[in-house]
Every structure is written in C-alpha cells, then in structure tokens.
Amino acid sequence: MDAQTIIARRIALELREGMLVNLGIGIPTLVANHVPEGVRVFFQSENGLMGTGPAPEEGMQHRLLTDAGGRPVTALPGACTFDSAMSFGLIRGGHVDMTVLGALQVDAQGRLANWMIPGKMVPGMGGAMDLVTGARRVVVAMQHTAKGKPKIVTRCTLPLTSVRPVSLVVTEMAVISFADGAATLIETAPDVSVEQVLAATEAELRVPSRVTQMQL
Amino acid sequence: MDAQTIIARRIALELREGMLVNLGIGIPTLVANHVPEGVRVFFQSENGLMGTGPAPEEGMQHRLLTDAGGRPVTALPGACTFDSAMSFGLIRGGHVDMTVLGALQVDAQGRLANWMIPGKMVPGMGGAMDLVTGARRVVVAMQHTAKGKPKIVTRCTLPLTSVRPVSLVVTEMAVISFADGAATLIETAPDVSVEQVLAATEAELRVPSRVTQMQL
Amino acid sequence: MRTLTLEEAVTKIPDGASLMIGGFMGVGTPERIVDELVRQGKRELTVIANDTAAPGVGIGKLVSAGALRKAIVSHIGTNLETQQRMIGGKMEVELVPQGTLIERIRAGGFGLGGILTPTGVGTVVETGKQKLTVNGKEFLLEIALRADFALVGAFLADYLGNLTYALTGRNFNPVIATAADTVIVAAEHIVPVGVIAPDHVMTPAPLVDYLITNT
Amino acid sequence: MRTLTLEEAVTKIPDGASLMIGGFMGVGTPERIVDELVRQGKRELTVIANDTAAPGVGIGKLVSAGALRKAIVSHIGTNLETQQRMIGGKMEVELVPQGTLIERIRAGGFGLGGILTPTGVGTVVETGKQKLTVNGKEFLLEIALRADFALVGAFLADYLGNLTYALTGRNFNPVIATAADTVIVAAEHIVPVGVIAPDHVMTPAPLVDYLITNT
C-alpha cells in the first residue's frame, strides 16, 4: 500500500455515521474513497456544497458544480448548496464535525502551519484558518517527513494557521494524538517500529506502554 | 379629508419610482393606498417580504403570508421572501430608501421617540431602532398633537429610538423638514395657517419667507 | 438526525432550559411544539424569539401558562399579558432591537463573538455595552447569543433533515437552527430525500438533531 | 434597476475603482464582464474576491492584463502569475482568511461596523488589529469592507432584478450584491417577472442597479 493510501484509509476509520466532514485538497480528498461500508457521512466543500458525491462520469460534468479546487463533482440526493457566508458559518460555528487538511509542519503542542513559506510560496490561507479554528475535530493528513526532514517539529518555524491544536496527525508511519494536549504516539503503520517513528520525528512524543498497529 | 388621509396622501407624494419602502403599523400602512399613478415602489415588510401587495380577497389569505403585524397580505409578481437577518441587513445597510413610522415625540433636532412610555407602556422597539438608524430617509407620520399637547417638542422626554434625526415629519397640519438639521416648516395643510402650526408646536420652527400649501 | 414523536422530542427539554423559538407574531412558530411544552407543564424557561405573539397564539401560550422565567425579544406590544407579567415582576423581559437580536443569534451560530451595530447608539440600549469607533463612526458591540434548544417551524423537511420555509414563515427559523446545542424541527410536510432541490434548501440537514414525525 | 449592454455597463467603471467580483476559482464569476474590463483596458483596479482563479480564467484574466493595483483575496495558490506579480512588486496582495473576508463584506453590506472572529488569533493575521475578549475567549475585530462596484454572476434574473444562483456558482455573489455602491449583474438567463418563486430569490431586486442584456 502506498503512503497516500495508508493515510487516507486510516483517516477514513475516524468517520462516524452522520458526520459533516470537510476534506482539504490533496491527500485529504482521497479519504472520500475509503468511507467504511454502512457509514453515511456528509462531505462539505467550502465553496458552498454539502453532500458532495464522487467525480462525475465523462460528459456529465457541470461547470457550476465543483469542489473547492474547481474540479467537477456530483451532488448526492439530499445535497444542498449555500453561499460562502453560510459555508463559513458552518465551519466557524462548530457545525463541521471533522476537517482533514494537509500540513507543512505540526509542532509538539499540535499547532499547525500549512499556508505559507515566507519568501518562497504564498498560496494564502484560503479557508484553512477558519477550518482549523472552527471544526470540532481537526485531522492532519501528511507524509511523515519532507525531503528526509521531520514535519512534526518541536516548534513551528513557519507561520501558524491557528493557535488551536489539531486533534490527530496521520502519516504513512504513525498516528499521533493531541487529545490531551501532548503529542502521543498511538499507532504505528504495519512494519514500522516505534523507534523508526521517533527517529523521523523532531518533536518529543509520549509513547504509551502499548502502541497498536493501524488497522487498515 | 380626515387627518389620517391627509397624512398618508402627503407622504405618498414622497414616493419615487423603484424605491424600496418600509411602512410601519398604523397611519404609515395607509400610505400604500395612495401611491401616485405610474410610480412603482417595492414595499418591504420587516418580517421577511418584499413586494407586498394589497390585502387578499376573502378566502385567499394564507397564514404564512403576512405583514409585520401578522395580518394577511398578498405578494405581487416579482415579490421575494427572506429571513430576518437579511431583512435587517437591508434595513441597517441603507438599502431601504424610505421608512415611514409613527411617533410619540419628535424633538427640535428631529430625534424621534416612539417605542416606550416608562412606567406606562412598553411595547418594545421591534424593528424601529434599526429602521430609524439605517433607512436612507425616515419620514414620521403622526397627528400634530396628542390630547391637545404638542408632539413636536424642544427635547424628547421619552426614551429615544435613535440619535439619528428623521428627514421629514408629516402631520394633518404641516410638513416639517429636518433636511438641514433644524426643524423647518415647509408646508401647511389646506385651511391651516402658519400661526396655527406654531401654536400647536413646542419646538422652535424655522419659517421660511414662503410656506407652501400641501398639494394633495 | 433522528425522528422522534412530538412527546419524545419535548420530553428532552428540561425545566429551566433556554429555547430559541422561530416565528414572527406566531407566523412560522412550531405551534405543535409550543402546545406540547404547555401540556408537559414546563417551567422556568427562557425564550429567545422575535416577540411573544398574542394570548392564545404561539409563544403567547407559554406566557399564559406561566412557563417563562424570562423572554429575550424585540417586541411585546401585541401581548398585554407579557407586559402585565413583566410589570408585576412575574417574568423578566429583555428588549433587544430586532436587527440586533437576529445578528446576535447568527453570531452565536456562526462562531462569531459578536458584531458592531450602529443601532441603539445614544439610546438606553447602549447601557452597559462597549462602544467602538470604526472609520469615525460609533458602534455598539453586541455579543453572540446561543440557547440550549432551537424549536424550528419548517415547511418542508426531508428525511435527512434538509429544511425549507414558506413565505413569511421563514423569519428567525433558519438563523436559530444554527445557534442552539439541540435543534428540534416540526415541519408541515416530510418529504423523501431528493425532493427538495439543492439550491432551495434553507437549512442544511446536519444542523438538525431531531425531526418530529407527522402522525 | 436598468438594463444596459455589456459595453455600457463596463464603461461606468472608471480606472482605479474597487470591484468586488463573485466566483470561487472562476466558478460563478461573471466572465463576460471580466472579458469586457480587459477589452476596455481598465487599469489600477482593486479587486476584492475569494481568489484570483488561474491564468485565463475569471479574475486571472485581469491579473494577466495588468489591470490590478491590488487584490484582497483569501487564496492565490492556483495562480502563479499573481504570486510572481506580488513578489515582483507589480501588484499588492492582501490575504484574508476566507470566512473573515466574506463576513467583512457582509458587514459592509448589512450596515455593521465589523465582526468578532476567533479566526487568526495568535497568527500573523492579527497584526495591527484590535483584540477583544468576550466571555473569556479572544476574538479579532475585523472591520466592514465595501467597494465601488459589485460584479455579480447570476443564474436567473428577472426584469426587476431578482436573482438566483445555481449550485456552487453562488459563493460570494449574493453577499457582494449587498456591499457595493453600484451592483452590476450578468445572468445566464433573463426571465419574466414572476418566473422565480418568491422563496427562491437569493438576491432581492432592489439591490441590483444594472442588469446586462443577453444579446
């Protein structure tokens, strides 16, 4: 299984019946492909759609039915649309149960940086700051390291997205929880040891006596 | 012509093509019956309707189509409905061109009191404070005196509705403008003299050299 | 979202709860829920709504039943009983300008701390509130308002919980549906999923906790 | 409301004007108006919008044409040209969180001085802004935003100016229609008055100044 699939499948296990979920661009989008059988979730797209379905068949696209990246999507029965004020009211107001986003860095307290690299890349925060501040649970989907360097760091050197800590970080190596305020290694990927995770992580991780293996 | 009709007809002459107009309960409601021929205005009702039409024929009422007083109305072709946040966004945001309201007192600077008599009557401000603060023009429709006492006073003794001065006060005796900040008598009703108006008014009125007669 | 009978849904509301109730002079108020609150003899409720309607109508029934400890509303002029109870000290009434009230509720539902409004500046409404100047103009800081329950009167609901409102029955309903811990809906018609076009949904399904069955 | 040709409507927009433009990644953007702005060679414009789309799409065309002095947007990641112009000092970019941006515009349209949002607290976004504490929680005061013109992309318009939007083409459009001195609309279909049901109107007619004819 490749890194992206491991991450997406593991995050999909966090989905619960009836949840309203916002998926960011990139790996987070893949989570939609792994929703557990029998679980119905609503996907929200911050451009104004709830009830996003899979990509349309060829010839069935409509240019006014897209995801937040502008790509054609479908709308499931029971879908609804709304303006951006409502969309972000849902996000900021705690009505989105879970958001899944990418990250450039996450620090030891779970604080996320994902919207700019000063002097290099300034895409802008888009909806990320509102999502991280307002969603009930924030789950980070990212590769454990970038060019061999840890992305889970003691302290973010990049500008923060929010001071609110994320709930969970899922990488192709591990699941790290910030539920009780400190970075805690709760799962490792198949064939990955605790030691390997620690070696690839800059931030100090709490390691409970029992670290389970991801159930994919 | 009775007092109410004089007031309503005179105010109707302030209506201009395409205006969005909010009418309060009481005499203001009557203005809708005197819209000048060929002038199309939109009436807004703060409970969430724009394009209010006349009272429905017997048997054609619908309990979910009412004015702000809860009375059945009709909706003209091109009418639209909205929630209370939008309704007051239109009001507060200066999108309502003119509002017509009743008054308990208006002071020499045009400040209005119309929502309570301490210890006696506390109906509440409803939408009046937003309307007086936000509408482009505020026109007061009221009898010139109450129980023989002037209602246009030097200083309001009742709690103010807004510190923003009204634009125009129309009574069965006179039209008083606050356009340039001071109470100015600009018109008298037929068979009413300037002296009679002054005698029935506590606030000092500026009287221009030429005061015209209301054109009803 | 779950569907419940009227009785089950109202049983979830304890004495002393704060309730936002939709409706404007009773129009759009979920009358069945109000009737059941009275039947179950609820007490010490705080109601946040546009008005207290009139005796025998909508929230007016709760006033008459003595179910309210407090009402946060913009207008009580159409309900003499509310005024009498207020003056007699049997019920607290907090009057809020209508536009301010709906924005405070929206702020509560939309995760905002509050809003700056020019309404009320220089009047008794500003008492005890912070004033801020933005671009040379004075505003009152009006803070967010939330409730334990929102009691929503809808026109159509589908079985996921998507809602629409009809004509002037909309008023406070879609806004309160965002601003309470638990949202209970009574709809005139419950329709299959897909019957309401996506662009016509006024309250998205995930906001609704309980939909009362129509039986 | 008046109907105008595309050329007439765009002629009303002077160089240096501030424009709010609807659309999200170009979806819902009134493309015809954008094309005409480019054709008429407008300069020094300030655009307030969700994003600058991509080269060749929506607002991206204005970027490429060098028509913009400044963009107030939430995201430029999909338009490398915007980033290059910003870094090269040819264009100013003010980045605003998306939820904050839409609330600031709404505040401008709804007569509010601003709103308190938790978004951005403790980040670079808070620089230079007032922080307020409400019920023990910190918020940023984000102030109202207005523009000279709103360029709105609608789906249906009637001849009074009532508008609807379709699917994800709605986004910023109904909000900017409240917040500009002059509102110009391009609609995919212009229909007779009465065709749009009152409950389905998303932008009430009196907000619209000019409707561009479809010829």
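First chain written, first letter: the chains are A, B, C and D, and each begins at residue 1.
The definition used in the following text is that contacts are C-beta pairs under 8 Å (C-beta built on N, C-alpha and C of every residue); 3 or more make two chains touch, one makes a residue touch a chain.
Predicted model, so just to flag it, every value in this text is computed and none were measured.
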{"item": "Distance from the mean Cα position of subunit B to that of subunit A, given in whole angstrom", "value": "55"}
{"item": "Between subunit B and subunit D, centroid-to-centroid distance (C-alpha), Å", "value": "35"}
{"item": "Between subunit A and subunit D, centroid-to-centroid distance (C-alpha), Å", "value": "29"}
{"item": "Two or more partner chains touched - positions in subunit C", "value": "103, 106, 110-112, 117-118, 165-167, 170, 198-199"}
{"item": "Numbers and ranges of subunit A residues touching at least 2 other chains", "value": "49, 75, 81-82, 85, 88, 91-92, 133-134"}
{"item": "Chain-level touch network, classified as line, ring, star, complete or other", "value": "other"}
{"item": "Chain-to-chain touches, reported pairwise for every pair that qualifies", "value": "A-C, A-D, B-C, B-D, C-D"}
{"item": "Complex contact set, residues of subunit A against subunit D", "value": "45-49, 62-66, 68-70, 75, 81-85, 87-88, 91-92, 121-130, 133-134, 159-163"}
{"item": "List of subunit C residues in touch with subunit A within their complex", "value": "1, 106, 109-112, 158, 160, 162, 178-179, 193-194, 196, 198-199, 201, 204-207"}
{"item": "Residue numbers on subunit C that touch subunit B, as the complex places them", "value": "24-28, 50-51, 53-54, 73-78, 83, 86-87, 93, 95, 97-100, 102-103, 106, 117-125, 155, 165-175, 202"}
{"item": "Of subunit B, residues touching subunit D in the complex", "value": "18, 20, 42, 49-51, 75, 77-82, 85-86, 88-95, 97, 133-134"}
{"item": "Residue ranges of subunit D touching subunit C (in the complex, touch as defined)", "value": "103, 107, 110-118, 130, 132, 134-135, 137, 139, 141, 143-144, 164-167, 170, 198-200"}
